[in-house]
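The data blocks that follow each hold one structure.
After this come two complexes, each holding subunit A, first together with subunit B and then together with subunit C.
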Partner chain A sequence: MKMKRIILIFLFCAFARGETLAQTREDVGDTPDGNRSVPVHLLKLYDEFDHVIRPDDRPLMPFSPKQTCRKCHDYEKIRHGWHFNAADSGARGGRRGEPWILVDPGAATQIPLSYRNWTGTYRPTDLGLSTLDFLKTFGRHLPGGGVGEKDGALKDYMRWQVSGTLEVNCQSCHNADAGQSQAEFGMQVLRQNFRWAAAASSGFATVRGSAGEMPDNYDTYTAVPPEASNLLPPTVSYNTSRMDAAGRVLFNVPRRMPPTQCAFCHSSRVIDPTRPERWEGEEDVHIASGMLCVDCHRNGIDHQMIRGYEGEAELRGQPHVASFTCRGCHLGSSDEPVPLEGRRGAPRPEHLGLPPVHFEKLACTACHSGPWPGGTTYTVKTSRGHALGIPKTDKADDALPQIATPVFAKQADGTFAPHDLLWPAFWGYGRKGYIAPLGPDRIRPLVTLILSRDTTRRIGRWPVLRESEILDVLQQLRERDTTAGDPLYVSGGMMYAIGPAGTLTRLKSDAAEPYGWPIAHDVRPKAQSLGIRGCTDCHATDAPFHFGMVKIASPYVVGSDSLSRMTDYQDVSVVSAWLFSKSFLFRPALKVLIILSFLLIASVVLIQALGGLAHIIRKLASEEE
Partner chain B sequence: MTHIDRRKFLGYAAAAGAGLLLTRTHGEGAPGKREKISGEVRIALIGSGAQGQVLMNSCLKIPGVRFQAVCDIWEAYNLRRAQRMLEKFGQKVNAYEDYRQMIAKEKGLDAVLIATPDFWHAPQTVDCLSAGLHVYCEKEMSNTLEGARRMVRAARQTGNLLQIGHQRRSNPRYLHCYRKLIREAKLLGRITTVNGQWNRAVQPDNTWPKGAVIDGAILRKYGFRTMEEFRNWRWYRHLGGGPVVDLGSHQLDIYNWFLDTKPRTIVASGGIDYYDRKTHEWFDSVLATFEYETPQGKVRAFYQTISTNSNQGYSESFMGDQGTLVISESASRGAAYREPTAPEWDRWVSLGYLKAPASEVTKPQTDAVLDVRETLAPPSFELPVKFDDPYHKPHLENFFNAVRGTEKLNCPPEIGYETAVTVLTVNKAAESGKKITVDPREFVA
Partner chain C sequence: MTVFRIIAGLSIAVLLLGMAYDIHRRLKTWRAAGNLLHRRIRATREGGRGGKSGRLENVRRIVTIVSSALLFCLAVTGFLPVLLLGSHVSGVLLVIHVTIAPVFGIALSALALLWAHRLRFDEADWRILEGVGRRKSPGKDALVRIALKVGFWSALLLSLPLMLTVILGLFPLYGTDGEALLIRLHGYSALLLMITALGELYLITAYNEHSTEQLMKEQNQ
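== the complex of A and B ==
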């Protein structure tokens, strides 16, 4: 009896403790109870040390999204999501996407970078860029987290103490307040105000000053050192009218985020001289019809956002993810136990008259996405490539980097799809089949010195390199370091090296190949699909799909090589494509001929048949008689 | 009489010689004197606040220096921050709140850096020197002359090294100006006037993170009444000397150095004109005038330090009948200007003492008839010395090299004492409103 009592008491205590733990679990906001209304996010603000922020605090600290949001959400899980995990070891990169592009005209450099293992990109560390260096250049279009929370290089340790950690800024996506400004977040990151950036972007706080200008030993709790007292340290002030009596702030967190949240980092502008004004172009048909990005690009608390490409489901080991591709939504699959197509009223396409071979050889995007192709590719500017949305960014149409679009190229799965395309240009050393690129800081002084010898030449977007100058730089690179390998320059699809005779030699190399990434937006409406006007939209000898020209935008391109053929990216012979396209000249006539022939044959058969029938009838009649 | 044969005698002599060679703490003169060392210098830091971290940052860039211990009474913040930083750089250190425990426990220490509030400099320096350690003590030497005197005497008695942290004394730009331009070239001719200022913007008081308040008992143990006082000690009379000591000591030290003498008279005006007197006991604005007697004649010097406006920042300018030298620790200022009537400076340019002016300065074109009364702005002869290191690094290097016996200290305690007398007398003069004549003997500890 006594033992029984002890056991009961023990079980009671264990149960009670479990209940208590359940109530205080961090992810209480991640476990839905089924209610479809939106929880009101009236929140106390917490600083990076998890202290509640009060308006009369001295000094006022910026609120920390991590400490504030993790009260209810599993921050640890979230920060390994797709938007934050590029530098996580073991994170899957999946289909290659838009890289970060390091551009330095003074160094004749344009190089695609990524922390993901996408073939054709280089890791920032390959160029000697620390995580801090990376954030100083590209952090403007990051939602925080990622390398912003990783241990930096030792040489940057003091700077990280001054700037603070760049936490995941949940508000970048989840705060639909009219004052939420991702541009402000980007500006603060560029000022190295990592600790303050989220507060600055919130719409109810103002941040002044710059951590980037502070000396190494600057401390938030100590006034600026006297030898730097003319500089403005980072400080935050809050709009206290947004705080209730308990110091809580209302965050506008809808269930489905509007597309404008995504647009800051995911915008692009095709430079089309025939339609220079924004109102003359169209937005994605899905958005125009009232859909949101998150209707397709969904995720759970793990923030492993669906990208929506064919094959993603298999890579993730989640078959139902296939229902979020174009096919999945519009066509569905009979393999699914429950039909999933038709989400949000997605129409089922008829594809009248389209031979089925198109569905084997083309991705949906080939006909439906990107700009309607012209004879030569357009230039496109992107948020991440061109800092779109950041105040005072270069708005010129020819701002670097120069990306070509649309380029109909063959993907890894064998289908054709439209791509954006970038031609890498960089200096480096080649050794044992590997090329080590040189960061612009190392090469710029040398290139600028050589170019400045000809002071009569104006340098535009790219320095106008001559072969003799490329050779000069390569020779100087060789003299500076004889052990690093062969000095090389990549540009315009070619690699340049010092030949045996000491002259400049051109080589073909994988490293010189352009880097392309498939595009899926903007999706054009059905009436603007390729093929809507007939087969010759693509199957004509002047149709851009096969015969368009792709601009090679790079510092050094040899004369006639400044354009390349679309077929160069399609693993298709230009001759066979031409012949096949030519066949479409007489195809309509051929169809008419076939139909007429059929009618003729049918008529002859009919006449013969009728004649035979008449003979049979006459024979039967005569037998009766 | 004991018979000692030759073999025994040689043995005893060898043992005595080996004993002399191996002993670290014995030497000529005073007890506790350290031998000069070679190789890695093992150091500890007392005071890991803002200035301590500046010193740490510089030391981490100096090869052959290793932190062994760090001490600060603010365990929850300063001490942890410093310890974490040093460990990040691969230097595992022992942490202490009480410096006396540190010097008692830490074996093998060679030197100590002291970056605590001024009123602690004297007791900590004296204790460390007496414990056989070399000391680098931040300026101001002490908030009292009595304290400064004790430091000088302790250094003399122990024979250990004491460097005072007037880091401009080791700054290559300042050394160039002193050695090449003033002493050798006598570029400025007869120096007649010196001006200097340190203009600092209005600043809020230092604060502290929530949850990192020091226990009252510990604060009181170390001389502070409140956390506010601890964080803003410079403004309190029993703890520091106010802006003219914090900032002016740097520049007044340069006045004495470049003029090779100390002031004979000091007049000053100062007041708590702007800040809250409850939390700011020292003058927030001080304007002082000095008279120096040099072999070439009288030099009148002016100095101001204000805490309400940062325009023009900080710099010193030495004006002679042949030219002006403007210099600042900030690398953006450092140039000489020739007086129109002075001889050309081509020789000094060709010797590399000065850079040639960037371009010929021409008179602006105007529509007026040529006016010969207009004078040109003097061309600027920039200093040829580039200095990109942290400001305190050369002075620390000088100290560590002196510890190794390869250099002499650039700012030994005697010089530090002279500056202490100068700056502390400015406060006295501002207080009294009278001209103070300083006997030259007062500059000797």
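== the complex of A and C ==
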């Protein structure tokens, strides 16, 4: 009995000690001691089974960022950060952001997707996209983690065994080595080399082959090549010159990452026909002045990045986050116990002559961000939307998806801000007010016939759909499944259905509304801000702010509807906006009239006051006499 | 904004309640008040037909009515969004406000020119002032007359910061804080002007039957 008790106590102590050690080990890199020098990251590499990697291992495994980095950092905490938590059930979506855009010209489809609950987006599963499908399509611009680690679906179980999980690739953001390549990471993800992607992107490992080409029963660990001789299984080799005698590799992990690291997934290119060359463009004024993205978009070990929009602080329950917004940094807040504005020397704007109502009605970005608005919106290409940075991506200006910018739309908080705008186009079934979209795979065979008729069609561009062709596809959809609901097509802001007479009917629907997300960058310099030339930058009857035209880009848009007016997105009547702008024509005359009235009344008052003064003087004089 | 809303709301409420109380105290019934108002309107209309007052008198009446109407419109468009919604004036209301404002400026200038001589402070007012110094109560009519004059000159005086704050705000002279201060000053000036004008109109309507006659007699002499 006594012996048993001793054994139990021993075991308890051993476990307790083990737990303490584990905690200490994981915290070592997450708890700063105050030293401002940058820790040297000379690290042993570990594979996904937590085995140290040696160059002569057979089979040689790719290193796992999860196992390598978790030696000092709390991976569990990190993997629920903003960049990885879209599919987490408890994660806050916050303000609407850029969605993933599923584009398939062959199915006349362009639809915004997101795992976050942003109104106007669809969950990938709504279109029949499994996690694996999603990664194969969009994983190119993910930093790993998130859905990349959600490999529980039975359907793709065997594929996941071949591809491995797509762990958080810490290097995507934190490796400043010149050889670090997010493009290579993206390419490996497209090849389903999830397990190998981080190693391939690191700059000190080479990955060959494709897990996507391997059969479901391929065994990575025995590395027996498949029967088909032309298929290359995924393998990794390391540049041993980068390893020291102990097999350690030096990672370049600065505290403040350069903006180019973020730019891979957060770039955008505005297609301005008048300025086609790269040198004619400008970069964000903050970056130009030497700041980094991470100066404002900060985070702790939980990787909850500050997105920097108004209202985020309240949503997060962290009031000091408000000091990282444009307003917080440049204007400050009287609510703060100590002044927090002016970070990194942020200048306090004068806004000379700008009536305060502008600060109620406009987000800072309305005047300061995005391209200077023209008469018609521009098209913008984004990293995630257009696979920018990935080799062999479509570099054409009119590559799909077509996103309009800047659209000055009203946000949920009632302020106007510039947005990127996407017009959804998809087929689906409508039932009881809900539209179930159909994935491109189910539609493509039906649209193929139409595509074959269009001999002028360019690959990768919209097919030009005619009314009869939409009707034809809708009728085929109805015949295929009579119980699914009414077949519908959403395009160009309208919803099309088969009418009672068998003709195509146009309907208004929330599902057809464009999906817009506010943009904050690039911030223009002060001298290029809206209003710098006076009120008529925005308050003229032809000013783009209210009267600019928004391109409606979709496979089927009725000619007269191909443009809409900016006021359509502002909750403002075009007449009142026009009247208001028109009043600025008379403002100079109004100013003169008020000044004249002021001078006249002031003179009358002055004469009376002087008369009164004269009376007092006379009275005093008469009393003296 | 909140402080202004409270002050403006309270001031207007107190003024209106004071007027209501005074009407009730003096005339006992609302019907009598209605009759008085009807009488005043009829008197104004008769004056408008030419009658005794002459052409200049007609112009005076018209300018007073137009100025009052314009001030009412400005007050509605200016105070309504601030008091009810707690937001700055904007949109169509702002268009109406800024369009009416210069017309009001002209009307007020005309009012100043037309009434300044008649409502000037004179020897009689000085004597009243001296009498007050000696704790001698001036008669009710004299008191109303001097109140009318004080109201008139106060309104003109308050219109100066009202207009000046707008003029300064229209030029790129002041920054964010300066513009906010100008808007606040504009609001307070407008509030004071509106209260003064309402008081003046009330005096004219409810008390001024004898005082106006007296003023006109003085003018004719």
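What we mean here is this: the second predicted complex is superposed on the first by the 557 of 625 C-alpha atoms of A that agree within 3 Å, B and C clash if a C-alpha of one lies under 4 Å from a C-alpha of the other, contacts with A are read in each partner's own complex, and residues count from 1 in each chain.
Here, a residue touches a chain if its C-beta (ideal position, glycine included) is under 8 Å from a C-beta of that chain, and two chains touch if they have at least 3 such contacts.
Computed from a prediction, not measured in an experiment: that's the story for all the values here.
J.: Is the number of subunit A residues in contact higher for subunit B or for subunit C?
T.: Counting residues of subunit A touched by each partner, the higher count goes to C.
J.: For A:Arg255, is the partner it touches subunit B (first), subunit C (second), both, or none of the two (neither)?
T.: After superposition on chain A, A:Arg255 lies in contact with neither partner.
J.: Contacts for A:His51 in the overlay, against subunit B (first) and subunit C (second): which applies, first, second, both or neither?
T.: first
J.: Taking the superposition as given, does A:Phe580 touch the first partner, subunit B, the second, subunit C, both, or neither?
T.: After superposing on A, A:Phe580 lies in contact with subunit C but is clear of subunit B.
J.: Which of the two partners, first being subunit B and second being subunit C, lies in contact with A:Lys155: first, second, both, or neither?
T.: A:Lys155 contacts neither subunit B nor subunit C.
J.: Just to be sure I read the superposition right, which of the two partners does A:Asp216 touch: subunit B = first, subunit C = second, or both, or neither?
T.: A:Asp216 contacts subunit B only, not subunit C.
J.: Please indicate which partner A:Gly611 is in contact with in the superposed arrangement: first for subunit B, second for subunit C, both, or neither.
T.: second
J.: For A:Pro355 in the superposed arrangement: first (subunit B), second (subunit C), both or neither?
T.: In the superposed model, A:Pro355 contacts subunit C only, not subunit B.
J.: Just to be sure I follow: which residues of subunit A are touched by subunit B in one complex and then by subunit C in the other one?
T.: Comparing the two interfaces on subunit A, one with subunit B and one with subunit C, no residues are shared.
J.: Within the complex, which stretch of subunit C touches subunit A?
T.: Against subunit A, subunit C makes touches at 87-92, 94-95, 98-99, 101-102, 105-106, 108-109, 112-113, 116, 120-121, 126, 153, 156-157, 159-160, 163-164, 166-167, 169-176, 179-180, 183.
J.: For subunit A, which residues are in contact with subunit C within the complex?
T.: Listed in rising order, the residues are 331, 349-357, 359-361, 572, 576, 579-580, 583, 586-587, 589-591, 593-598, 600-602, 604-605, 607-608, 611-612, 615, 619.
J.: How about subunit B: which of its residues touch subunit A in the complex?
T.: 49-50, 53-54, 57, 77, 81, 85, 88-89, 198, 200-201, 203-211, 231, 246-247, 310-311, 313-314, 329-330, 390-391
J.: Would you tell me which residues of subunit A are touching subunit B in their complex?
T.: Within the complex, subunit A contacts subunit B at residues 49, 51, 57-59, 154, 157-158, 161, 216-217, 219, 221-227, 229-230.
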